[in-house]
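There are structures below to look over.
In the two assemblies presented below, chain A is common to both, partnered first by chain B and then by chain C.
Right after this comes the complex of A and B.
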């Protein structure tokens, strides 16, 4: 039916219609609008928007700090995975912060206690982080399927508990005595991730996160589990009717999401300065940058690296924008928020498409 | 001993009040069928607008008014997006919560050139009801509180009775219960949803104003610190029925006030901070365990 109407319409209009329906229009439009809104806000504050955005790009792509931008991109990708996996089945994981710090905690404890030689210790620390954070993420699954507590609520209520407990542990039982800030002792060499020659931020962790993204893409596209998850996301009732085990899949998706966040936490503490510092994992805001990236990509694995790059650039560039253009870095949060809102409001654009089933 | 106990009640009320306002907003939204998780960000906007308003006008009550208006305006995004344009309220709310965090932090830097905490000399906070001092129990509990504290209960009772007893209240509940049936009866479903969400924004403005101008006159970045999420949990706990909200919110207030007491006795702050969230989740689980049994008994 759409095709018929396309044929009968005059040519230019046909192109416009087809162009508007292209899947890239919505995310690109959201970003464009957010940048525009950001410019208006900056201008309204009496500052120069062009200088601000130029400073963002200069800061993020400065050859001296490109290495840092890449590591921020990787962490954002990792947290985008933590949001995207449940998003594929229509659920929201907002507990990334808790999963992140638990991963960091597990890695620190294991790396300090492990008697094994270098590589094995690092591997063990990563596995421990994935297990602890994965288990923590998975708690939300039975809470949702058995007790009908939405995952978005349970993850949000669980997260501050984990953050507080880890903060307590870093401050007292695991804390370095006499340190000015609450932090653990420096990890033994066995717990350090191998770094690349000449780079100070990006290390093996970047490759680990890329591997996780590839794994997600393969599972999503090529396996029955990935298909079932997408079916649930598209239409929950149809999925249940078709014999998809909602409980088991939710458990798996939340465990995988938690594990992804946990591995990010482990990588951060196994990189310089090789410590778990109170607040250092959550204050850069990887969790919500990752969530914004996942929403912008619609959870699609192939788009995640691109959208994560956008928010990584914003975050790294935001700091230099603050320094050189005197525009507060909170503008990055504003842009993240506007992107998400515009995305949500896209229904106006594709009102013809059928909505998601509740 | 007596004094100790009444001051504890006062502390509970103080902690519960912002959550009461926000959860009333959430409950009304729930009644019209909108899952409103934008409370956290709206409360933050309210807290910021109240301080800005009080700072520039010199009157705390003008600050409250400005908080209510700005937060109601801020909630128009959610109201129009979810009610009129049928967008997903959850995604909009995630966006507006981030936006609130960003905008308040941004404006804090631009307007006052501070980051983190804004507590200028001479910022007027809300007056306490000191005229009650000396009145036996009432004085102990309310003399140190702003009028917004008892007003929260007035609002909740009024909202509860309005939903139960009036024609518009009935229609409002119908909109959430069965939107198609309501529309068939000529009730403007989207109109109800829009205005309830905007009114909820106003209530979150009061929540924020109580937070930033109530006990202490200060605005801190992210000062709501999860209270909006506790409010969402409270709404779920009482299944959107306003009259039950005080029970849920006072429970949260008690957890927070008790935490402060424990902190005073030397318990680590991190663990007492976590307690309200853990308790809220446990209570939520506990109420959901009991429900199936209740159904069986009644059947």
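Right after this comes the complex of A and C.
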């Protein structure tokens, strides 16, 4: 064999090889595969997959529910942020639920006790939520740097503790006496986030979350700290040799992630029905939809709104699909699961591909 | 001789447009030691990965024992009688020698591992090849040389008659190399075929029967070892005579720039560095010689502050930095070229511009000062990168090209450019020319000399005696974590440094710091 055959390898094949290696291929493929798997499941159940997906889109983009879709998107964005900030430095924050409920708790307590006038009370409640949830998220940093407990483990295991504590407080010391469900008293007016005229779901909270997303994008691209976080995410030893403070940055990133989740929790309780209801922050599944959105975006700030929109549409549209096309909404969870599995597969395939050396 | 043990014909493999193997032919004759040599990146490892079924070739055929093989994985290669000892051992530290040897091909009694048979088997193979292995020893407690023998026995246990040794001497002391060569010879005499992958010429001349030389993925020479000279091998490897840069003489010696006093490092109960002291002055290159793993890396990390030390102090430009972290030590006047380019020197998934700006990202022009402190300018990041790419002749598509897709030499130039451009008074360069081509070696050597001539201090850690002789004004030798010898340039002969590297203490000039 001469080397001519090597040089003149058919162009299409080379083109295809290059195309397959493009970083966008795996995420897009994951979404495509998920949609395909969903279609197969729906068809296997004897239903029309096209009708089901059409119902998802119609439900999500129905002008009457668009307001609701936007609010779900914003909460998903907020929780995506909680996952994406640590993901940028290669860490997984699985403690979003705990951080979320602690934020809700702090906001409720402050809003009820604050003697300050309206706007200041709301601001104070948001700050308290960010501080408490941020402190909780930050616990995992020294656990990782001092005691070598991986962040993915400590966040996952600490989260249910926070959820249980908040649940206890809502049931007993802070609970509304005589109420049918475990919930706190309705917040005084000062603790309500201003809503937009004519909208019942989207309020100032949406703008707060968008502002957080913008702040993340700016820090990521334009600051020394954001650069250092990306360097650590790409190669931790390299960062250490270059003089990056791993411990401090991990602490900051986990605190910021916790604060983002805490603010989402605060926004939820400061919106109608203006109470902290036991389980109500967790049951919509913003945390794991956010995590999936962050993974799908690879933590990139510019992509988060897009991937979060995908899961928000699935969630809102899933409910109306159940009503109009008779397909159970759990299909949304299936799709979310397929996306995560494909993204996890990428890690395995990447590891196989790097069997190259001198 | 009879038919060859293995024949590789027209093996080609490319990665992302980089040709790793280009129509490589290799004939391994039964009962011989065949050296496959070439510089780092010449395609030796790729070729061996293909032979052992770890990598699929784009084209070409492999015939072993007269049968054409289609290898789907190492299991197929093992079944065909191949065994490979990797550079990085693949052993379970917490298990015994016997358990490691039989893992994957265990003698069993019912459901249970037949320990006695396993131990007998290890003893038998160990005796036959003179390896002196204790089947019941725990692998984690063994030295690198002994672990390597465990790997060899592991391959022999699976009836390998073609044994591939990938850079086997990289982790060994000179004594261990001698005994490894005895084992190789004995295996070949017993009819095994041994493939020795290496870039060290004296090893090839000492042990092999035949040599195949690779350069840039192609075969550039095939020799019978008895009929070839070292010079011919160098020419085949490099394509020309190696014109090395030579230190023209001492520079202007100035004040003490780096002072290490009594540094001791313990790691998991093992003493890695014992009471090491040295002084490095401006205008001086101090070479640190030693077989890999004798404390050089620990010394670099202790100076940088990247690992904990148990005792001792480090002073940079007269300032005691022992209690400071990496960033403050760098700010005090330190730059470091780390040994492991992919592990510590670069982030391969980031762009060339980003890699070049690490460490420069908190100062002007890339980082902001004053009111803009903590901010970063992506446009300055790119323009600074363009400047360094031009200055250091880094061959890259653009400053946005990922470092992972650069060749080894160009990736190393990224590291060199980044660290030298700090113009820090103290530069620690650990194996700065490892795995780069000859042209890049020359340019890096010139840069280091220029750096010294500009009145700065360089600590050069190298495993290549010739590199130290060419560049260093003074050479110290580390053995087992201790400074065992120091030679001024004039007295740093290969024989003396080599002897000290084996632990024979000699103190010349009587002025050990």
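Going forward, the second predicted complex is superposed on the first by the 321 of 358 C-alpha atoms of A that agree within 3 Å, B and C clash if a C-alpha of one lies under 4 Å from a C-alpha of the other, contacts with A are read in each partner's own complex, and residues count from 1 in each chain.
We adopt the following convention: a residue touches a chain if its C-beta (ideal position, glycine included) is under 8 Å from a C-beta of that chain, and two chains touch if they have at least 3 such contacts.
Because the structure is predicted, anything quoted here is derived from the model rather than measured.
Peer 1: So, A:242: does it touch chain B (first), chain C (second), both, or neither?
Peer 2: A:242 sits against chain C, while chain B stays out of touch.
Peer 1: Of the partners chain B and chain C, which touch A:343 in the superposed model: first, second, both, neither?
Peer 2: First partner only, chain B.
Peer 1: Once the structures are superposed on A, label A:165 by its partner contacts, choosing first (chain B), second (chain C), both or neither.
Peer 2: first
Peer 1: Examine A:194 and indicate which partner it touches, taking first as chain B and second as chain C; both and neither are also allowed.
Peer 2: Once the two structures are laid over each other on A, A:194 reaches no partner at all.
Peer 1: Does the superposition put A:226 against chain B (first), chain C (second), both, or neither?
Peer 2: After superposing on A, A:226 lies in contact with chain C but is clear of chain B.
Peer 1: Applying the document's definition of touch, where does A:288 land relative to chain B and chain C: first, second, both, or neither?
Peer 2: The first partner, chain B, only.
Peer 1: Which partner does A:234 reach: the first (chain B), the second (chain C), both, or neither?
Peer 2: Only chain C is touched by A:234; chain B is not.
Peer 1: Which of the two, chain B or chain C, is in touch with more residues of chain A?
Peer 2: B
Peer 1: Starting from the residues of chain A touching chain B, keep only those that also touch chain C in the other complex, and list them.
Peer 2: On chain A, the overlap between the chain B and chain C contacts is residues 355-356.
Peer 1: Touching chain A in the complex: which residues of chain C?
Peer 2: Those residues of chain C that touch chain A are 9-10, 12, 14-16, 19-20, 22-23, 40-42, 44-46, 49, 54-55, 58-60, 304, 306, 325-327, 329-331, 336, 338, 340, 343-350, 354, 357-359, 361-362, 367, 374-376, 378, 408, 435.
Peer 1: Looking at the complex, which residues from chain A come into contact with chain B?
Peer 2: Residues in contact with chain B: 41, 45-47, 92, 94, 143, 146-149, 152-154, 156-158, 160-161, 163-165, 167-168, 171-172, 288, 291-292, 295, 328, 330-348, 355-356.
Peer 1: Give the list of chain A residues in touch with chain C in this complex.
Peer 2: On the chain A side, the touching residues are 1-3, 5-6, 9, 21, 221-228, 230-231, 234-235, 237-245, 355-358.
Peer 1: Can you name the residues of chain B that touch chain A in the complex?
Peer 2: Listed in rising order, the residues of chain B that touch chain A are 37, 77, 81, 85-88, 90-92, 94-103, 105-110, 115, 226, 229, 232-233, 236, 268, 270-271, 273-274, 277-278, 280-281, 284-285, 288-289.
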